[in-house]
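Below are two complexes that have subunit A in common, paired first with subunit B and then with subunit C.
And then the complex of A and B:
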């Protein structure tokens, strides 16, 4: 590239997109280059598959080998949960490790890029590492557990729209968690795990939210992940499966999910802007919280 | 005796053990966030699995299984993150080199880590069992308290022996240590039957999983807590015997590996290699 080309101002979108791409590449290297590809693949699938197998065996122990709708409910929830861990918690761990482990936050933050775009890129890299686990878990469910995950009965466009919205909502939640990580003075690295565990409990990841106490059911409806997992189950398992929201149609689920996601995206951007300004004003943007 | 007087022999060992366990027992409790995370995090996961059994309409003892599993998670996390991967953190913080030059030697440091970790974790585990049992109204009938405590004690010795074994292996590693500790979470929860009777895995898979002391310890304690209803994997006496053999084996293996890996780490210059 000529020097004159490099000096020509980029459009805002081009700059944003370039930052996302480079941050994605960086995030992928941080995630994966500690070992060889085979071990990384095994590492990527072992935890989620282990989590899914726990549920499958819990189910078989109670049902004494019988099969039912609950098995499909477990499997789809377990298959897609790694995206939440990788995308949302990974975004927070990204900023914490930049700040406290690699000590590169100050250099990244002061470079002429959008820090939000950088976080999106890092988060997408983390989310990519969840893809293998999701695919293996779904294939295991289809071919070993004989769960009705048939292409003919799936609503692929519905599932794709739900998936795209789901990744967006995970990013929005990630920005909220990152904002908290910027503000916490002690042991910030444990906080994302706590948020993930709480969401795992109330979002209907592994059981229908109808089992929860009423107050938690209301709370679950305000979180986009609940709607995302419900939509993914409807898209992949077809009609007749177990539902977290049996009163709503498929389109209603998608519409409410889109609305809740929009609210969280707006909220995430606002909260992050506030946390960022506060951290800069208090001089704590680069503060270490571990010891 | 003055505190500055150089101690020797057993006195030095005891001082080192107490000194290293101090931050784990007293120091960790000063930062309330640790108390919160170590108790509430396993509890949240536990409650989620309790609701799975409730959604399946399982009998009450299954809820008891899950609560016991949640308490066991606290021990396993302590062993993996605060024993096995501890030297990785110590490398990052610059403490590992200090441990290497102090006269007490690494075994005393590891014993202190184990003792402090155990005391801290047992308090959290009791809290998890108490809160979980109160929340879901679970009742236990311990038929033989001395045997129950014996199984628990032998399992803890074996578990922390395994922790020291892992710590020596992880001594050579950089980032891999963190990832490996991460890897040994859900797969171990699954294989050791943290949330369901290990018998469901089948005999040979269960025997393989029994290399992790928690597998047989959980099954034995469930036999004692839910007599007559829990499907045993092996007879109680056999499980206790295997647990004892595992405990001795891990202590011997840990001692051997620690020497070997410390030598390798020194020779390859990995003791102060941060990344």
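And then the complex of A and C:
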């Protein structure tokens, strides 16, 4: 091979972006590799959609068929929640499946890439699989439940910015979760689901955080997902409707959300760097648990 | 003056252990115990030792997968702790005895993906992949899923992955373990061919196949219990197996006849071979073979063949460690 063909000179960002793209491609190959399309449908669409609809019908039972603002509140929360689980799961699964199933972790890890970029790519691929369920849930809400999801009342740019920040915050949370998963073995893959369930309760996914005890409200405000879901509702449902933070304006919500996300990104990167160094020191980075 | 390809000084790697019935004090396991090595660029260096000797741990430290506990290690003059990224751009690793690879990808997709991790432009990378696949005889399988490959094919694919970035230092960790004779021979042939084509490149090969080390390596170090106990060119190492002479003798089954106590017999290793017994004898001097032949003749054992042999690395290992490599492996694997 000619020397010129070996390593192309590129900026750190170009290298980072290349790694994200290739890891995304790999992640999608893995994610979409359901030999049985029925299984793909069940896991990627029916399961999250079913979860959202269970809540909707529970609401109808409790409210005796009422259609208050609450319906829109938790439909949007439920519609976007699969991104949280899939994003965090994708990141943890990137490490665990490479280590335990494909046996490639040491080759990927010792290649000259940013391993963080690799995990972001794997996570984004998994998060993509949540898109269909989210879209179908929103369409169901719009056309069947008559929730006011109208293009005319939506603030599309606001929602897009909030969505991008939301995905970033999920990556940041993913780094924290994957740092813990790196240190434990066999059951590490269950972690994102467990963490997701806890966050589901306190992040205002299905009810406003104002109903929580004061301590949990404070905790909820420190977690970017709470602000993400609030911003998505404001962007998609327009003015009015139920709020987790009724005292904040739309711009304030977005600004606080961006600030909290920035803190979590910095924290996630630091925690991951520490966990990575610790795993190298303990010799557990590529240790198979044989789960 | 060029920097050494690999340089370690008093390298120590310990693993923390939990308290257990086997290790009630929870004392750490010492995998590398003060390893000092110097491998110049362009050399094919072999690391010989039984399972658990520390070979893989040393490679893991050198490829930046594992941090050393103490001591220093440099690859191409770069520190394995502080200059990780620079090292990774210039090295590659292939391990044997494992089914690594994304089974859902085809051979070509898999290799393309790794080429992207090494920053190779796609077009030349794909041309390079096809060229290497042809060399290892895997071109016809390029569009086959990795999960459908045999162990030997998968190992060839992994070798191509290792060579794809044209590394300056290639780490081969037991690359032929678990392969059939033909596949192992093919892998060795490609390694030899690669080093012939790339004279400046360095290979660190770990193996516990003596013949593999003899066939491939310019220099060999013997590692045992985390320590390098000898290191030199294979021929020079074999010269160290002095103080005796070696014979290979084939006879009928011994059924309780002991040769170890005979005058001049320093060691007698036996191996069953198609209903016969192969004896590998280390004698103090040539004349001692007469005593062996007499004992066998007196016991009505036919001698099918008798030949004086040159000492091998196996003999060197036995002299240094006091047991054969397989015995050391068995002891390690035992309860």
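Heads up, the rule we're going with is that the second predicted complex is superposed on the first by the 272 of 291 C-alpha atoms of A that agree within 3 Å, B and C clash if a C-alpha of one lies under 4 Å from a C-alpha of the other, contacts with A are read in each partner's own complex, and residues count from 1 in each chain.
Simple rule for what comes next: a contact is a pair of C-beta atoms (placed from the backbone, for glycine too) under 8 Å apart; a residue touches a chain by one contact, two chains touch by 3 or more.
This structure is a prediction, so every number in the text was calculated from the model and none was measured.
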item	value
Superposition on subunit A - do subunit B and subunit C clash or fit	fit
First, second, both or neither for A:22, with subunit B first and subunit C second	second
Partner chain in contact with A:274 - subunit B first, subunit C second, else both or neither	neither
First (subunit B), second (subunit C), both or neither touched by A:143	neither
Where the C-alpha centre of subunit A sits as vertex, the angle toward subunit B and subunit C in the overlay (nearest 10 degrees)	80
First, second, both or neither for A:112, with subunit B first and subunit C second	second
First (subunit B), second (subunit C), both or neither touched by A:103	second
First (subunit B), second (subunit C), both or neither touched by A:50	first
Contacts of A:211 with subunit B and subunit C, given as first, second, both or neither	first
Per-pair minimum CA distance [subunit C against subunit B, superposed on A] in Å	7
Complex contacts: residues of subunit C adjacent to subunit A	13, 15-16, 60, 63-67, 85, 88-89, 91, 93, 95, 98-105, 109, 113-114, 116-121, 124-125, 128, 161, 165-166
Subunit A residues touching subunit B - in the complex, by the definition given at the top	34-35, 43, 46-51, 53-55, 57-63, 70, 74, 101, 186-187, 190, 193-194, 197-198, 200-201, 205-208, 211-212, 291
Residue ranges of subunit A touching subunit C (in the complex, touch as defined)	1-2, 5-8, 10, 15, 18-19, 22, 25-26, 29-30, 33, 102-104, 106-113, 277, 280-283, 285-286
In the complex, subunit B residues that touch subunit A	31, 33-34, 36-37, 40-41, 44-45, 47-49, 51-58, 62, 92-93, 174-176, 179, 182-183, 185-191, 194-197, 200-201
